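Have a look at the structure that comes next, please.
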Amino acid sequence: MIDAFASWMLQFGALSWLGTTPATILAMSLVAVAIFIFVALNALVLVYVERKVSAFMQVRLGPMRVGPMGTLQTVADALKLLLKEDIIPRFADPILFRVGPWIILLASFVAFAAVPFSPGWVPADMSIGLFYVVSISSVVVIGIVMSGWASNNKWSLYGAMRSAAQIVSYEIPVGLSLLAAVAVVGTLNLQEIIAAQAGVGNLFHWIPIPFPNWYIFHSPFLFLAGCIYLIAATAEVNRTPFDIPESESELVAGFMTEYSGIRWALFFLSEYANAAVVALLTAIVFLGGWQSPFADLAGARFGMISLTVLALIWTIFVKYKVKRLSIYPIGTILALTVIAWLFPAFAIWLATPGLVWIAIKGGVVIFLLMWFRWTFPRLRVDQLMYLSWKVLLPIALINLAGVAVWMWLTGAISLVG
Amino acid sequence: MSEVIFWVIWVLVVISAMIVAYSKNLIYSVFSLLATFVGVAAIYIFLNADFIAVTQIVIYVGGILVLLIFGIMLTNRIAVAKINQSSFQTSLGMVVVGAVFVILVITILGQSWPVLAESMDFDSTVGKIGTLLFGDYLILFEVASILLLGALIGAATLARKEL
Amino acid sequence: MNHLESYLILSALLFSLGLYTVITRKNGVAILMGIELILNAANINFVAFSKFVTHQVEGHLMAIFIIMLAAAEAAVALAIILNLYNDQGNINVDEADALKR
Amino acid sequence: MGYFKNIGDSITTLITGMKVTMGYFVRAKEHVTLQYPDEKWPNPERNIGVGELDTYNVIRSKLHVDIDDCIGCKKCERACPVNCITIDTLKTDKGEDIGTTKLGTQKRLLVTRFTIDMTECMYCDLCTFPCPEECIYMTPDYRFERGDNKEVQVTNVERWRDRNNLIYEYSTVPKTEVDRRLQIIADAEAVKAAALEKARVAAEASATATPKPAENREITPGSGEEQAHE
């Protein structure tokens, strides 16, 4: 993508005096800046959404004062954080205290380098993209330990050590569950992983219900792998119910106890960037990335109709269950279906892979993470380790073997070389 | 441009390794080891070894470095953020290591290495490594896994309070 | 960057610094860090020769086995160091001479 | 088998919990609490059965004074069992007309201060009965928040106590007017005191002619009056 972008820039008269190398450097910088803006905006939006989601789940309204429906609340908070006094404790280590948040932010920021946003739109199309993203995410733990250590505060240190133990433990289920998908597709390149999930096929290969060829519908084992990945990845980005590194009821705020102002904002940025990476990776590996759930024009129309039927059933169910009729979901989907039937262009657009699909899928996963966060209570440290080593790890291992058996049964691989 | 980046990383690796070797503060040593590992990973990328580079990051940075930090934290009474470490035989060590380094450099520069002319640009080493690992080197792979299992059990047994 | 010698010199530097760390430090963890430096130097050599001399990925395989070995060694060594700390209250290797006395 | 039962229990309980929160999430607007400053709960209109007059048949939430009808008789201040009402009055000049109450009584006293400390008030309603003009009464208004920072003529101790902004000042006489009248009174007093001083000096001058023992001087009527004026 970088090279294509650079040659595209060189087409223009005003930029043609640039050589190939400066144009490449410029393209790299622009892409990096764009990703950084994405990370910042992502945090702003996600903080607002998270507040609203948490408020609704706790029967509140959330921020309502700043801006319409409180939309500018996070902007106000960001400004407040930027203007706050920058405090460094007297007995903290001055260098490591400053460096730590930057390492965390950097680690979660460079993970985006391999994430494909759209066909051809990937900052660096590397052959080991999946492995790269997983490995870069593990650098975060060094930053956490560094900040926790440098703060010279026992709560920070406890939080950092818990975080390190947690991230290192949960890397194994993450790796094994991703490996299940990699075993099916046979490549680590994220673009190829997505490209292999194109089209519509049978659910679990044999049940004759048309489902997208996403890996979560590929086999029961990969479905299980997706669930394991989501759980383990939630733990790896330190989100509730696995937020024991910063559990405010036990450790004040864990490794970020001593931080304030801009450095604390960096922690926040990286937290939501990590959540976005996990959501995008789930969408890419298990939900088909930028692939549309509909194969073509007919598929789009058929898909919209089945969605309408599903929404109708859901509406009737809701009416029966809670004695209240909500017409908005069914109305929206019905309108979309009618548009898709009347205007083939819209249906074709629906069937076209692109940015909007990965955004929708990532958004769904992020909402799932928020749902987990505001539903489940925090685990204890020993329960956390129990879950990782005694539940997720054996299940992921057996699951991996199950994927191989499934591939053999469906004829994807044969035992005779 | 790649040339410049390469030498920057080269110098970075050397400086951070020197901090590891010479720093009085153990914490600075272990955290500059992070820079060394990441720099070496970048060097691997210059050597077209993408898989090794990422393995380096995931195992050295995500695993071994965390283990080392845990080792430091568990074996010190932490009242201040700074942990001093002492060295001994520094001058003698300097002499020996200097001699070793000089011998190595003389060997490296004095040798005419059988470098092949055409440059090797793999697209990806992953497939080849996988084929070899599960083909010719399968026994080695299994032995390695048994070794890792043994190390895991051994470390867990040793680290228990009641031995 | 396209010379084998630049990688070999870097490897030699890392090896020497690692060796220096191993023979001068008292702290057990610091010695472990030196060993990691030495292993990294060996890895660089393997991968560099694999690129410039053999054009095969066997060197990469060796590097992978070395990395794996380093992981196993670090785990066991740290367990030993923890026992040393429980035993004598610090992890200075020059004081761990109970067998000599 | 406890292991698998544990996992199964975990999954079912997790799904139950997620169902609960999702139920709240989709129906949050129905259950959400009152958004107080924007929405207000209507006052209950029930008869709580105190007294016969309709005006007293209200929820006792806040004392209110129609200060235009107050004649400054201080009966409510005396009736209050917790001394939460403080009234200061000033006599008006001869012939000055400061209006009549709604019952037609001519007002004679200028109410320069009428404060009700709602932190002390215990809502006993005892102050409303003695009022001859029916100008102090309980209202059902339960909202004590005030945006204005009216200048309350209180002492420092009371001002500290009013950090919650709950001492209500009902007097509408401006401070300048009060100061003006106090100045006039003080001037008059000064004139009176000067006249007395003059008389005393004259008396002393006559007394030096025939000296008297010093201890008797203190009980002279002139000096006693001077002390009282101070």
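Letters A, B, C and D mark the chains as written, and numbering starts fresh at 1 in each.
Convention: a contact is a pair of C-beta atoms (placed from the backbone, for glycine too) under 8 Å apart; a residue touches a chain by one contact, two chains touch by 3 or more.
Note that this is a predicted model, so its numbers are computed, not measured.
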Inter-chain pair with the most contacting C-beta pairs: B-C
Separation of chain B from chain C, taking each centre as the mean of its C-alpha atoms, in whole Å: 7
Centroid spacing, where centroids are CA-atom means, of chain A and chain D in whole angstrom: 60
Computed distance of Cα centres, chain C from chain A, in Å: 36
Chain centre separation in whole Å, for chain D relative to chain B (CA means): 79
Residue numbers of chain C (touch at least two other chains): none
Two or more partner chains touched - positions in chain D: none
Pairwise touch network: line, ring, star, complete, or other: line
Which pairs of chains touch, using the document's own definition: A-B, A-D, B-C
Of chain B, residues touching chain C in the complex: 2-3, 6-7, 10, 13-14, 17-18, 20-21, 26, 29-30, 33, 36-37, 40, 43-44, 46-49, 51-52, 55-56, 59-60, 63-64, 67-68, 70-72, 74-75, 85-90, 93-94, 96-98, 100-101, 104-105, 108-109, 113-116, 119-120, 122, 125, 128-129, 132-133, 137, 140, 144, 147-148, 150-152, 154-159, 161, 163
Complex contacts: residues of chain C adjacent to chain B: 1-2, 4-10, 12-21, 23-30, 32-34, 36-37, 40, 43-44, 47-48, 50-53, 55, 57-58, 60-61, 63-65, 67-76, 78-83, 85-86, 90-92, 94
Interface residues, chain A side, partner chain B - complex: 21, 24-25, 91-93, 95-96, 99, 103, 126-128, 131-132, 134-136, 138-139, 141-142, 145-146, 149-152, 157, 161, 164, 167-168, 171, 188-189
Contact footprint of chain A on chain B as seen in their complex: 1, 27-28, 31, 34, 38, 50-51, 54-55, 57-58, 61-63, 65-66, 69-70, 73, 78, 80-82, 123-124, 126
Chain A - residues contacting chain D, complex: 53, 55-61, 64, 322, 326, 371-372, 374-376, 390-391
